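You will see two complexes here that share subunit A, one where it goes with subunit B and one where it goes with subunit C.
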Partner chain A sequence: MMAIPVEQLLTLGPDGMLKHDETPNVEQLRNAKQTYFEDVNVGDDLPRYVHRLSAPELARWCITMENTHRLHYDLAHAHNHDNLPGALFHGTWRMSIISKWLKDWSLPDGWFWKASWQVREMVTANETIALWGKVIDKQEYGKYGVVHVEFGMVNEEGWEGAPGAASVALPYRGGEPVPYPFTPPDA
Partner chain B sequence: MPEEKERPLLTDEVKALIGQETGLEEMYGEVDRETVRRYVVGVPDQDPRHWDEELASPRFGATTTPAMMVHYISNRKPPWEEDEMPQIMADDPFSDGGGGMGRREKSLTPIRDVAPTRSHLHAGDEVELYQYPKIGDRIFYKSRWVDFQEKRGRDGRPFLVTVRETSYLNQNNDLLLKVRGIGIERP
Partner chain C sequence: MPRYIAIADKPGLTAEAFSEALDRTGKWRFAKRAWIVKAYCVLDPGKLVIECEAQDKRQFTEWLDANGWSTPDVQRVDFVQEAGEVWPMRS
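Our next item is the complex of A and B:
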């Protein structure tokens, strides 16, 4: 909950932004400390994930999902045929990073339930991106609480690339883990 | 006669696709450790719950997967489908992906079969997550064209906004994930 404000982050430049990356490593995820519903307040920031995209990583994502869409790896095609500023950061990769980030925040006993987002500004290889999120509401239900978050993914210029909203279920302090498989509160 | 790039896109043929559904189709193969490994590395989402059974089982009953993985793998091309990529590229050397590596059979009618579009952009998503698939699970999915809208870009040229909804289930008919994908198709 101590993430640097995104406005301040953007003043640091790409290299400075990377120093504020809070992406957990394997052991931190293994030993993830639960954020309980009671720990969260409206206005809180979620952990900041900061990453510089590289062309090989764009290619790696194409390989991972068997994606032959050339605007992600064929720079000449992206420039000359599609009038794009470069090889594009995938919408599907944004989708996976956002889902991972919300899941990580809920570990070990919460649940990333739902989200929606738009793919907005084009982001290309060698840009640095920061995933930000802020708690905008929270609601108590019987066995768990639901925290509502607005989020986005800005590049080093501050351009918003994935504005969205999400709902994450968190356990109560001293309560049971959020039910798995997940049962929505209105089910 | 207007140029191809300026012809209206939201034709009666396109509108007729709204509401079209697939049957409940089965993914080729099963959920396997190699596919999970590929996504763990590709995102990357190195949560040890994705491979450490001892860590994951008490809560999830088995190892987990990156949250969106099932969305990306379910319509993978089965080995018996004809390879159309050489012909697509011969017909249109500027094709944006040569038809991709998704399954053609038993899919929704591709928008390009009825509209003169050649270029796809990912515009956003709405997702709801209920549970992860397990190793060895068979995956079933059902898709529906929800909506098409024609809009015009800053250059005055038309493009189509497409909305497709897909639900993913396991062999026990448990709902795993629901995704509503929004795309942009351009001439």
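Our next item is the complex of A and C:
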């Protein structure tokens, strides 16, 4: 299924955006159908993950990361001490979501090799965010191919919060799984 | 950033109009460095109390005007008490 273009997604409003969330559940991940190198073309969109992060979920991430900075969960402190619009979505959580998304896309026999991105914009509890990604290049190597992706994470207003780029190793159709432990092609 | 408070009398104010003015991020965070912190609505007799943080008071008054909530009563806040703590507002 082709993901809805992000420009179109942003016209739907926060509730409409959530209807296009393609985040797989655990069972779907367990039975993931492999995306092969040959399946991917330059210009393709990656699956669309759409989330709305509640204040309790931000607090849960604080607990998970043992990050007790009050700007993530104490609204009065965020407003009155830090002069912020609300309790803020964590940069580390953005990292986690992006890594999961690229890992999910390469399962079961591919490998999310590397990525880099910036954390921009303040995202507060109850905002809706969407991951977007587009294939910009692909290269063949001996035992696997590498797909290069540019991506980002926009909120419901289209404010870009995590512009970045990634490389994902995918197996060839009929070939072997990407070797584990993974060895980069230029190593 | 400075905090401002606006007090406006708006007879005929409706729940729909209040919600519509603030129902998504781009409306309550109306500029990169300007946002509504909290807004109170009293339907009868029609009163609004709105807190805003903005670099410039004019950003807030323009937002009020755009929503039909113009008021001469826009003041800069010096202190806020919330949840048992008194917070000095930054300039």
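In this section, the second predicted complex is superposed on the first by the 186 of 187 C-alpha atoms of A that agree within 3 Å, B and C clash if a C-alpha of one lies under 4 Å from a C-alpha of the other, contacts with A are read in each partner's own complex, and residues count from 1 in each chain.
By definition in this document, contacts are C-beta pairs under 8 Å (C-beta built on N, C-alpha and C of every residue); 3 or more make two chains touch, one makes a residue touch a chain.
Since we're looking at a predicted model, the values are computed, not measured.
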Query raised in the report: Fit or clash for subunit B plus subunit C once both are placed on subunit A?
Result: fit
Query raised in the report: So, A:13: does it touch subunit B (first), subunit C (second), both, or neither?
Result: second
Requested in this report: Using the touch definition from the top, say if A:100 reaches subunit B (first), subunit C (second), both or neither.
Outcome: first
**Report entry** subunit B versus subunit C as contact partner of A:157, first or second or both or neither
**Finding:** second
Report task. Using the superposition on chain A described above, determine whether A:56 touches subunit B (first), subunit C (second), both, or neither. Result -> neither
Query raised in the report: Where does A:81 make contact in the superposed view: on subunit B (first), on subunit C (second), on both, or on neither?
Result: both
Query raised in the report: Which partner reaches more residues of subunit A, subunit B or subunit C?
Result: B
Report task. Using the touch definition from the top, say if A:127 reaches subunit B (first), subunit C (second), both or neither. Result -> second
Query raised in the report: Just subunit B (first), just subunit C (second), both, or neither: which does A:119 touch?
Result: first
Query - Shortest CA-CA distance between subunit B and subunit C [superposed frame, angstrom] - result: 9
Query raised in the report: Where on subunit A do the contacts with subunit B and the contacts with subunit C coincide?
Result: 81
Query raised in the report: Once bound in the complex, which stretches of subunit C touch subunit A?
Result: 1, 24-26, 28-29, 35, 37, 53, 80, 82-83, 85, 87, 89-90
Query raised in the report: Considering the complex alone, what residue numbers of subunit B touch subunit A?
Result: 38-39, 41-43, 45-49, 52, 55, 59-61, 66-68, 72-73, 76-77, 85, 94, 96-101, 119-131, 174, 182
Query raised in the report: Which residues of subunit A touch subunit B in their complex?
Result: 25-26, 29-30, 60-61, 63-71, 77, 81-82, 90-93, 95-97, 99-100, 103-104, 107-109, 111-119, 164, 177, 180-182
Query raised in the report: Taking the complex as given, what residues does subunit A use to touch subunit C?
Result: 13-14, 76, 79-81, 83, 85, 124, 127, 155-157
